[in-house]
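Two complexes, one shared chain (subunit A), two partners (subunit B, subunit C).
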Partner chain A sequence: MSKPLHDPLIEVKDLRVEFDVRAGIVKAVDGLTLTIHRGKTLGVIGESGCGKSMTARAILNMIPKPGKITNGEIIYHRRMKNSLESQVDDIIDLTKVDPDGKVIRQIRGGEIGMIFQEPMSSLTPVYTAGVHINEAVSLHHLVPLQKVGDQIGEQVQAHRKVTKEESRVIAIDMLRRVGIPKPEERVDNYPHQLSGGQRQRVMIAVALSCEPAMLIADEPTTALDVSIEAQILDIMRDLQQSANMAIMFITHNLGVIASMAEEIVVMYMGKAVEQGKVLEIFQNPKHPYTQALLRSIPKLGKKKTGERLASITGMVPDPFNLPTGCVFHPRCPMFMAGKCDKIAPQWKKVGEDHSVSCLLYE
Partner chain B sequence: MTVVEQTTPAAPAKQKQVSQSYWALVWWKFKRNRIAVLGGILLLSFYFGFVFIPEFLSPYELNHTSDFVEAPPTKLHFIDTEGKFHLQPFVYGMERKLDFKTRARTYVEDTTRMYPISLFIHGDEYKLLGFIPSDLHLYGVDQKANPEAIVLIMGADALGRDWFTRILYGGRLSLMIGLIGQVMTIIFGMTLGVMSGYYGGMIDQVIQRTTEFLNAFPDIPLFMALAAAIPTFWSPIAVYFMLTIILSFVRWGGLARQVRGLILSLREREYVLAAKSAGASDARIMFRHLLPGTMSHVIVIATLAIPGMILSETALSWLGLGLRAPLTSWGVLLQDAATVRAIHTTPWELWTVPFILVTILAYNMLGDGLRDALDPYGTR
Partner chain C sequence: MAPDMQTQTTEAKAKPRNLLEVKGLKKYFPIQKGLLRKTVGYVKAVDDVNFFVREGETLGLVGESGCGKSTAGRSIIRLYEPTAGDVLFRSRHLGGEGNGLINLMGLPPDKMKTIRKEISMVFQDPINSLNPRMTVSDIVGEPMFIHGQRMGPETEAVIVNLLERVGLRPDHLRRYPHEFSGGQRQRIGIARALSLNPQLVICDEPVSALDVSIQAQTLNLLQDLQQDFNLSYIFVAHDLSVVQHISDRVAVMYVGKVAEIADAEELYSAPLHPYTEALLSAVPKADPLYKSDRIVMQGDVADPSNPPSGCYFHPRCRYAQEVCKLKNPELRELKPDHFVACHRAEELKLEGI
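Moving on to the complex of A and B:
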């Protein structure tokens, strides 16, 4: 029973996403391979601009305009909601489906939900006559209002046939599950009537209301304060267990990822540089970039006062002129001249469920 | 004690309203702008009076002709020849005189005949709103008792029809053409604008170049060309609708541009991405998630553009290219009054002008007020 419970859901194979802009071609994702299993959490970490979010958007086939998936495939093992637990009904390459077509629209939201970084603007504060929006919202974004309840209800209706009353019941129930107090009242509130944490919870409720097989959380707690962050993470973990949902958790917060994920992929400049079980990577980081990342976390009590926090030396390279060989070599403390700047590293297994892409281990 | 009783029930109601809603703020700000409120009230009463109940407000039916051809406005009197004051105003009978040398008609009051003007009097029959039969008029003289009496507060036209009645009926078409035309402009402009802004690329190019093409034409010749293309054998009502379509067809471009500009910024908002990742179709994103955000802007633009519509109708009809004689609109009425002879002999036919002016001014007052009010945090 445990095997079909955690069989692969999404397999990303040698994915390349390129942006053809005036100054040249930017490789946002460059040959990424990873697998997401049902009911498991995969953490994706890395600096800003390393291609984490683009990977997530590639899975939903939502790469913004000048960008394109130029290589690779994203295999989605589709399992219909009403079919047997262990049965995979369909295998779809998500890079091949029409990005505006019906299939991908069913998958988006219905089977793969996504939460975004900005709880303040991710809810359509949509507005129709007679309904109101928040003071700040009305000035800065001349925008829209839609009832929070409606937003959830709308999505439910898009994916299965439920009546308005039913969908309202579901909306209230979802709000209760994500821990919003007085959901019967909150369901009629507009985004501006909610706090940031509540809005993010509503976002999560929106994403989870169709019981997706996978949730992509793109820095879901970055904009929240620490206490709310902990609540949100608890909620996500509970829901994952109850619905056997896979989570792809994108963040640059190593503390959060340590508590959430079972497996980690570390990304640098569109490439995965190290992946493995979370404990392995935290206790025994192999790649110099991972080591540097972990060193740059402030630790309480361990260090002498006055000691400076470690930082990664150098700058993120120019995306139009990526370094030859290993992309990390200009910043790498273990740089081996004549090797790292010439040879592109290959994947090397350094332990059980732990591999690294670095010439040090070859 | 009474004070306590009064305040306690009010308190929970206040607590329930956690924050001021956007529209409550808009309304609060709008209310403080007296000129805008005045404009709004004027327009509401104009639309109500001219569109819904002109039959009731006018003393006669539209095509009630009389012998009093081109008669000047009848004077209302309160004091009779003997110096006696009457609380109920009255008019004297009118006698027509023809100057055989100049062939000019003159009317003199016959002070021996007095006809009191009554409110809510029974007169010509009509159907209110097209289905309620009635013969009640706001004011008038008793036609059954005194068939030769007439009250013409703004004079009469060449067929002896009451000019005030014609203004009221003409207002119906002129005001409606502005409103219907603007609604159609909004539909065209918003749909094309949102598509232009959301899709970009080729669709954007085609729509934008089309609006430029339309805008590059001088207005009046384009109107004239389009209006001249309306077949002459069409019924006046068909001409009316065709004219509405022409007016909005020429004017959607500006609105489409404004909406496009707003959409260009709105589509970058995260909620659009969120909606897309939730599986929303393009149409749903455009019309459910993006368009509502442009509404407050569109309301203002539309309000300020309606006068242009009304004036275009007036101008076209005045040129003889818009509505034609059996129909009555303000433009048609102006056409009657547009000759030098008419201005010389029947200057009261210019009474149409103040009605047009007040309508246009009221729209501008309302539009300005709305513009300020829809930005409730503005400093003005």
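Moving on to the complex of A and C:
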């Protein structure tokens, strides 16, 4: 598929995640290939159950049981934070590392941060906001530095324990950066004392406190109001620019993705069906599923009375009993009998940085 | 604004009659503290709200979370007993005196039960609003059973008809809610709401938990049903584009008060309240080329138990002046059918979409 043009950070190649349950095998992710570049935002869109979140969890090697990565590799180009630019990146296949081992625990949260959808259930109710951030800092901020043996000054710093006062200053500073008013007071608040938007900002502060190379944002604003959502998107954009951080942005909100992502992957039933630059996807969508998704959202400001939305007919198929050929064919308005239900589509390049998996273009 | 919101049977010929009028609705939740549960204050979830719904129209209620839009919806059918105010409703079964509107406040329970046939609700969460131990037939038929219809082949035929109307199959009748997807469950909830042939359906965030494609299906279904059954909707939601799509008129709420009510098109293209303007500018547009000149609202939504003085929006408003800190603005009709609660509504030139 698409060749890495920039500086690749994560390369997912033919990833398969399967859940072996009593009723059969569910293919949560089915042969997904994508690349995330340093400093860029990749948007992943699709309906619930299409495997967006499982892909994110696979990258962090935390697939819940009984799920398993059965095929493919996730290449992580690891660059030590304090190393010199010239140093060659470590290449790690994240599917091969021990999910409970030391390496993944440094990467998880330290080098790849994650923001979950539900800010209430992802924060511990018995810890204050400050404790949450300090936990992340003390787990990661200092540990990766220990491994870099090239600069003694930093070594000394790395081994030095951060005092209570210092860690409080770090936490307050993080809260200020994510735009929480009165961070000196908020740092001692428990999650239930914060509003939904503030909790989500604490989550972001925790994820960003270790200055990760990549941030996985799994529906970070879905539970929030538009005004708070806009603030949080601004914060993420600012921090991305200042830290050259890559973002994998998972959402089903097409408005959010249009303003955030440079590149988009559209997923359906564990497979990517279309991939391309954000402009291409929005102005020139090729796959009937992408077209239908874009048509089904109500457009703000263009109201015709009695106008109906174009909806996708039918339902997401039963995961135990996937359709043959192209998985989208039972719902596809462009269905070609004898073709779509027999042949599985291959990737086809339809433009510069724009690929689609559909028999219409083969 | 009470006088000009009276029933407009004579003046406005083109416009249908008012089905529902909400006047001065208040719902305060007490904050209790200490061993003796002493009331130390009130959360003013809904604080003096006025609006009306015409026959056959959809009124959208929007606002940020915690602004009281759901509480307002629930107070109308007294799921929450309102603290004060009047809810006037044109009932088919109970005649009111004068202009035919009956006040639901203080109505005895047996009469309220009759009213509940005519006003029903669709809830946000299609998982928790259906009893997992009841079959679809039981769920959709329960309102009829409660209102005295015997369960039998005839009732079942009605249920099957309802299921088909909302796009489910007759063989779904004996299944349980967990066997359905989110969109299908919401259809079951809609079928239940329609089972007693209501006039008004209060939809409390009916599509917020659904995927975009399923959301589109559900919105289309609601529009079809509105035409077929001549329903009126109160559509509570926080998604401004969904509300614009489905509503004839839209009310914007902020911290328990109505900031602005107008025709949907007018509200979105020419808002008169700074809060509406700021909300509209914050909506992410599904267009990568769109350059957002978003208005940043400072701070968070005001605390409804301890609201700011004057206009509740003034600490976040970029047009705020001295008067906004001192006086609470009244909701007034600035243009025909366009109500706004802002001291500076006349002079401000606000931008819509």
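The rule we apply is simple: the second predicted complex is superposed on the first by the 312 of 362 C-alpha atoms of A that agree within 3 Å, B and C clash if a C-alpha of one lies under 4 Å from a C-alpha of the other, contacts with A are read in each partner's own complex, and residues count from 1 in each chain.
By definition in this document, a residue touches a chain if its C-beta (ideal position, glycine included) is under 8 Å from a C-beta of that chain, and two chains touch if they have at least 3 such contacts.
Owing to the predicted nature of the structure, the values given are computational and were not obtained by experimental measurement.
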Partner chain in contact with A:322 - subunit B first, subunit C second, else both or neither: neither
Touching partner for A:292 - first (subunit B), second (subunit C), both, neither: second
Contacts of A:350 with subunit B and subunit C, given as first, second, both or neither: neither
Partner chain(s) touched by A:109 [first = subunit B, second = subunit C, both, neither]: first
Which superposed partner A:311 touches (first subunit B, second subunit C, both, neither): second
Footprint overlap on subunit A, comparing subunit B with subunit C: none
For the subunit A and subunit C complex, residues of the former touching the latter: 47-48, 181, 195-198, 225-231, 233, 252-256, 258-259, 278-279, 282, 292-294, 296-301, 303, 306-312, 315-316
For the subunit C and subunit A complex, residues of the former touching the latter: 64-66, 181-184, 211-217, 219-220, 223, 238, 240-242, 244-245, 264-265, 268-269, 278-280, 282-290, 292, 294, 296-297, 299-301, 352-353
Interfacial residue positions of subunit B with respect to subunit A in the complex: 18-25, 200, 262, 266, 269-271, 273-282, 288-290, 292-297, 375-377
Of all residues in subunit A, those that touch subunit B in their complex: 60, 62, 65, 100, 105-110, 113-114, 116-118, 121-135, 138-139, 141-146, 154-155, 158-159, 192-193, 203, 206-207
